[in-house]
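Order as written gives the chain letters A, B, C and D; numbering starts at 1 within each chain.
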Amino acid sequence: MCGFIGIIKLNGKDVAEELVTGLLSIQHRGQDSSGIITSDRSRFHIKKNAGLVSNVFSKSDVKSLKGNVGIGHVRYSTIGFDIENDSQPFFVNYPFGIALAHNGNIANYEEIRSSLEKESHRQLTSRCDAELILNVFADEMSRTSGDFSIGKVFDSLGPLMKKLNGSYSAVAIINGHGLLAFRDPNGLRPMIFGKNDSGFIFASETVVLNLLDYTYIRDVKPGEAIFIDNNGKIHSKIIDAREKTPCMFEWVYFARPDSTIEGRSVYDVRLRLGEELAKRWDKDVDVVIPVPDTSRTAAMGFAKAIGAEYREGLIKNRYVGRTFIMPAQKKRDNAVKLKLNPITSEIKGKKIALVDDSIVRGTTSKRLVSLLRKYGAKEIHLVVTCPPIKYPCFYGIDIATRKELIASDKSVEEIRKFLGADSITYQTIEGLKRAIGMNSICTACLTGNYPTNISETDISRFEKIREEERSRVV
Amino acid sequence: MCGFIGIIKLNGKDVAEELVTGLLSIQHRGQDSSGIITSDRSRFHIKKNAGLVSNVFSKSDVKSLKGNVGIGHVRYSTIGFDIENDSQPFFVNYPFGIALAHNGNIANYEEIRSSLEKESHRQLTSRCDAELILNVFADEMSRTSGDFSIGKVFDSLGPLMKKLNGSYSAVAIINGHGLLAFRDPNGLRPMIFGKNDSGFIFASETVVLNLLDYTYIRDVKPGEAIFIDNNGKIHSKIIDAREKTPCMFEWVYFARPDSTIEGRSVYDVRLRLGEELAKRWDKDVDVVIPVPDTSRTAAMGFAKAIGAEYREGLIKNRYVGRTFIMPAQKKRDNAVKLKLNPITSEIKGKKIALVDDSIVRGTTSKRLVSLLRKYGAKEIHLVVTCPPIKYPCFYGIDIATRKELIASDKSVEEIRKFLGADSITYQTIEGLKRAIGMNSICTACLTGNYPTNISETDISRFEKIREEERSRVV
Amino acid sequence: MCGFIGIIKLNGKDVAEELVTGLLSIQHRGQDSSGIITSDRSRFHIKKNAGLVSNVFSKSDVKSLKGNVGIGHVRYSTIGFDIENDSQPFFVNYPFGIALAHNGNIANYEEIRSSLEKESHRQLTSRCDAELILNVFADEMSRTSGDFSIGKVFDSLGPLMKKLNGSYSAVAIINGHGLLAFRDPNGLRPMIFGKNDSGFIFASETVVLNLLDYTYIRDVKPGEAIFIDNNGKIHSKIIDAREKTPCMFEWVYFARPDSTIEGRSVYDVRLRLGEELAKRWDKDVDVVIPVPDTSRTAAMGFAKAIGAEYREGLIKNRYVGRTFIMPAQKKRDNAVKLKLNPITSEIKGKKIALVDDSIVRGTTSKRLVSLLRKYGAKEIHLVVTCPPIKYPCFYGIDIATRKELIASDKSVEEIRKFLGADSITYQTIEGLKRAIGMNSICTACLTGNYPTNISETDISRFEKIREEERSRVV
Amino acid sequence: MCGFIGIIKLNGKDVAEELVTGLLSIQHRGQDSSGIITSDRSRFHIKKNAGLVSNVFSKSDVKSLKGNVGIGHVRYSTIGFDIENDSQPFFVNYPFGIALAHNGNIANYEEIRSSLEKESHRQLTSRCDAELILNVFADEMSRTSGDFSIGKVFDSLGPLMKKLNGSYSAVAIINGHGLLAFRDPNGLRPMIFGKNDSGFIFASETVVLNLLDYTYIRDVKPGEAIFIDNNGKIHSKIIDAREKTPCMFEWVYFARPDSTIEGRSVYDVRLRLGEELAKRWDKDVDVVIPVPDTSRTAAMGFAKAIGAEYREGLIKNRYVGRTFIMPAQKKRDNAVKLKLNPITSEIKGKKIALVDDSIVRGTTSKRLVSLLRKYGAKEIHLVVTCPPIKYPCFYGIDIATRKELIASDKSVEEIRKFLGADSITYQTIEGLKRAIGMNSICTACLTGNYPTNISETDISRFEKIREEERSRVV
């Protein structure tokens, strides 16, 4: 869960201002650290730190980040540990000077790291997989000595894509030569390609292009690499394409509704997610209430389709960060109320369809149901735009171990009981596919069918690592 | 535009934690500075600074803010000047030690200040009117020497209410004696009174009571003073009541929708504001789109009443603070896009009713209309839940000089032309009153009828001061 | 242990720059907090915070501290607790607006505070005695209503000096009227008075006058008050003079050597302190080594008088602050070495006279002696420029409880044994008086004869408070 | 002008605490940035930033800098530009993970950088020459693939020492393998080697060893490399030794007096510098006054030798940092007074020998002489422990372009006139050599004889670069 931008400007102007502005528009993808590296052809300029874009970059930073090529990144830290050291982008001096940022997750991180250490004698200085990808790339690039060539870049990405198991949409500066973008062979994480009169852009979401007045060209293809040289010439090649399986969670929850992914408007998909849920609906409710902000669009589609009132019965507090810790002695219910406060007139005595995008652990939903009961809700019917999440994600979404996933070992009826709802209606996988309008999407967290090669042993090991990491923090 | 809380706990526990948590829920009322003063009966503990609640108060601050009585404040700074010095609460050592915070504005600030200086030989150290009110109060309280008595408090508030022209909902600690709350004779700014087993609370909005598990008792009455002593006994007195004219802008724009003011749910009033607008509606539109976040509820009421689709066609960026300055060379349109980005599928080729809560200067609306045109809107009909704003506010809402108010010298048709909309439908004053369900409200900014004594000379002078202040900042 | 400055400029220029520069030159008197209040006649401008002068005041602070009258303060915090809240100067709104800073200590703080609370209904918000003095003064000033007059000021200081038992050299702004300075009836803490073409200055030390190009007029007299009005007229009056007993520790240790106190150059006094010690000297040493920085001058005087070599055998590390805490597992000796490192060639095989200004607890001296032994010193003879300290100080020097004073219950021979020195030569009280050139000085910490009325009960109570404070911190 | 430490501990304990404590003792070598990299064999842990050691490293940093091998650095920034980006240590991922810090300066920086870019396709991200040295080393190390071996390390240093023209005393971690130290073939900058029961240390000065309880083994030899492996085995080799010419300025000014360089105590050398000056002395003075802190020891030696009184007639202010900018309108004299204030009794009517370590631009000396005249000095005789500085330094001392060096084109008599002194006595080069006790030292800044190959063209180019850099800052 991260966001990136890469820009090359061919009109001689500096790129930093556009990067900072653009990062602001994808800050929802990560709030833990922010970073930018630019190149003025002769050297890199670097600024990265823990914190929001608006806190990390001062006016003087923007000035000193010189150069017409640059990459920027906002990071969501799964662990909240060593945030400064792990913040992207990363760079190496050799060959050529390469800086890289990405969105995704490398499933075989440990093996690759170990092989980098033992076989390639490369040592990583962080736990961030961007540094891993960068070093695999630099390792391949340095196997043949000699001058820079685009062939060398593409030739290096072949073995890289063979080795890396996971998701990665990466942008990279090759100092003095141009801007590179590449996407994993399954196209798991989004990557948008755009241009305007003064240059080219790659970004996690189309909103960046809108904001900065770039025109959308297309999504980068699975397994594709695109290199923009200093003359603005586009070099592209499919390095290693497998079945395209973009992550369905971008549409369901993660991306901004005003973005378009794989040609499908996130907003429109969410409307259809609501409509799909309506198809199997047979309850009678007074009001449809979304859990803000993400579920709003789906709830609207759902309400219209079932002919019920759409209402904003829960008010979200914008000022409660994820780091704010509610004092221990306070009842836990209050933590929910602080973030989501009910509108009495929309709750009291009402039969409510409560639309949420997904249920992961179930603890927040349970508290929310209980809160609505206290406010006098007559019936609470949970409507969930995502099918039950049963398996951990290896591709960059912070979906935890099976132990923590309520749907991993509970039936829908058991979940309903646990949450205290009157009914619970999950999206179906077919409905999800119809809503997105693609048959081939990644549904690994729903079905356990991982598009890349993930064994049961991998899952167990991953879960163990995750648990250890969490325990380290607490 | 500020928010305050006052709490006295009678179970011997410290009050700081509740104050910090409560302030988080009214941070929307002011983001420039945050402050708390508590009293452990023997002395005050103080922490205030520029910044959000989550930045100003560390864990160790909460610990060191000892005492069972406390007041907290979040401040919106009209000017953005001298924020640290002007942050509330304020205190005086004599008599007894009094700390005070308020929401409101004193119209005759200059006269009172001058009289405090010349006649009472009191000197203020800030431009904040809370310090003014505090000193008027302290001045009256110290006219008679001797021990503390509740009679003395009430007797002091009589002359205070005579002198002060304006709005003020104030909470004050009288060190060692108890918690005081008082409200101006017109009840212009809101003030809620609540209790639970462990104590009493006063706050700007009911959401604070909800969150902290206090039961709503009633709104403090215009001109009323309530004093809670150390034994939890309530002493109340109407000091000086005139006609109750609460500020209509709290319902229209300022308060949270999940709050209730004067017994009227803000959410319900906003629904009715939409319904009122629908009554005079004769256009044919495809879709009703609110300008988020405030206009959402009214747009829903409006959409339902006219039988059109309610849609979230504009996406708000949460990460753009009011201090973020868009680089100069960027086209100004982008500043709007950065904050509000359109959903193409809801705009393109559509006849749109765009619901906004109010039009002040008109510059943002103009850019928004232009942006929607670029995204292909067929027709844009502006629907405004507040009647035209023509006069400056003297009571705490940051409504500028007439020169800056687009409706002060332009007809509705001229405004429409300026904004580039196809039509513009304003709320009527009658509709506003019906929606709120009160006949007597403050409509000074709409009609120029100020509930307290404000002459044309006062207005001109106020405008001159405001202009000077603004010029000082730029 | 604090430093203050008060300046009134009559040429219409702002005073802040001089205050900041001046405070830098007396930062040695206190490094815990720094503060300035200025008055532009209409209001106060305030900036104070924990930290060094160079950290607390930004360029923009200096700009916004407007006005031609101002007071500044640097503070040494005995306790290191609540530093922000306790930082000077303090102010009250009434009467006139008074801001005050001082150097000293009020021995009967608790009684005065209690009487302020009970009889005058005044409440303090800190533990800083500057706030106490300010409130006593404001209390007296407000006893008679009516306009400002200098008579009123002087009349108020009479009862103030009667009430306050202790030391205080205070500067105060009376807003709109002028700059006031007053000193306790015994003249315990220093206070210098100066002028130049553009105004007048009061300060803790003459170095401030040197630096800012003010000419020394004289020391303010014990019990004297001087008021400089807006026209630059000097009004002065002896309010309540008793025997003048300035604190001998200023010359011995606390003041800068380039300052002059009561007409006696600190540097010259220190030379004589060394010479006095030489009079009773009968040992044979190879080298005289000072403990830098304070003891340098006395060591030079001593070395010359006994005809031995003066050498800098200990090197002081400038970068180790008093807050730096040596890791626990490290041997404590290293903490001494980090601050004071020996020069082998001056120590090894040498008979050393080690000159220190004073021995309080004795722990540092013990470690230093042990360190020199390790470096091969043949003999170590301690020479102490201050006589044995046996009693706590009530007048502003951080001399702790008798329990912590090594000389309070040990003979010189016992001390020598404890420290591990070959001999120990203390200054005599007569020598001290001769070196300073005054017969009447405060020697309370040496003799227990307190120049103000301090009983054995007071001492015990003070020690108890101090112990409680210390335990609160640890 | 920088300081470094490298430590490897073989008792399984972390090294960070010792590094932080050690850096405190050499903070005088650089106050602009501080940094540490440690290795826990599996990865690097990094913390570096602009600021003093006491500000950069928090307790939690020390905890998270895990590992038994580490290097630390304090940096003096010639330019004060891009301090964060240029702060040491630097690291590369390949091969093995190498982190490096050094003290020195690379004279042919531009050529090497250019060759790294063009021939080796390496790109630097800073202007810091530590990154250059690191990349030259990594480049050589990666020429042969395969596992780590000590032969490889030594083989790589051969070409490195051939290429680099300049001074460098460098410590480096080779991740997982050990700690490396190497020194340029002329041994221009100091490097000390020590050990104790738990490990080995390299540092800029012996004070670090003293403080951390390591025993001095010897100075690292010119052109020598020493590698300590994980078992504590010492591998050393002379890679490329030329004539040893250590920088004389370490003894004259830069090192701490309690350090020993090349077996010569800095303190003792300074005493002798004074004695050497005395040999040619024929004036009659009342008092010898050092410019504190550096000149103290030499002044003592000088005073004793000429039989005059040594006195501390100038008091240094510890609280004025080099970043503090005196307000513009203040007379420049005050800037000197703020830093160095005279003791009247030692100046007035006196014939003074003023001992300073060196005269570079001469502006400070001029102001000081003028200040002493104002305080009534009868005669001022300048005594300078360093011979006239006429040429820029290429080896790490911030000695500027010839244009800025007063002695580059002025005779001693012209300098005397410019400074306004009664006489001026410079050290001779022979005296300097005798005082240090070595015939072969670097006297390039005095004679223009650069021990490495520096042509007139190099000097001119260097001067041009330096001037450009300075103009960029202003």
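Here is the rule we use: a contact is a pair of C-beta atoms (placed from the backbone, for glycine too) under 8 Å apart; a residue touches a chain by one contact, two chains touch by 3 or more.
Every value quoted in this text rests on a predicted model; they were computed, and no experiment measured them.
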The chains touching both subunit A and subunit D are none
If chain centres are mean C-alpha positions, then the most distant from subunit D is chain B
Cα centre of subunit B to Cα centre of subunit C, whole Å, reads 49
When centres are defined as mean Cα positions, the distance from subunit C to subunit D in whole Å is 37
Distance in whole angstrom between the CA centres of subunit B and subunit D is 60
Residues in subunit B with touches to at least two other chains are numbered none
Touching pairs of chains in this structure are A-B, A-D, B-C, C-D
Within the complex, subunit D is touched by subunit C residues 17, 21, 24-25, 27-28, 52-54, 207, 210-213, 256-258, 260, 265, 267-268, 296-297, 300, 304, 309-312, 315, 317-321, 323-324, 326-327, 330-331, 334, 337-338, 341-346
Given the complex, residues on subunit B that touch subunit C span 43-46, 64, 82, 85, 91-97, 117, 120-126, 131, 135, 138-139, 142, 145, 147-148, 175-176
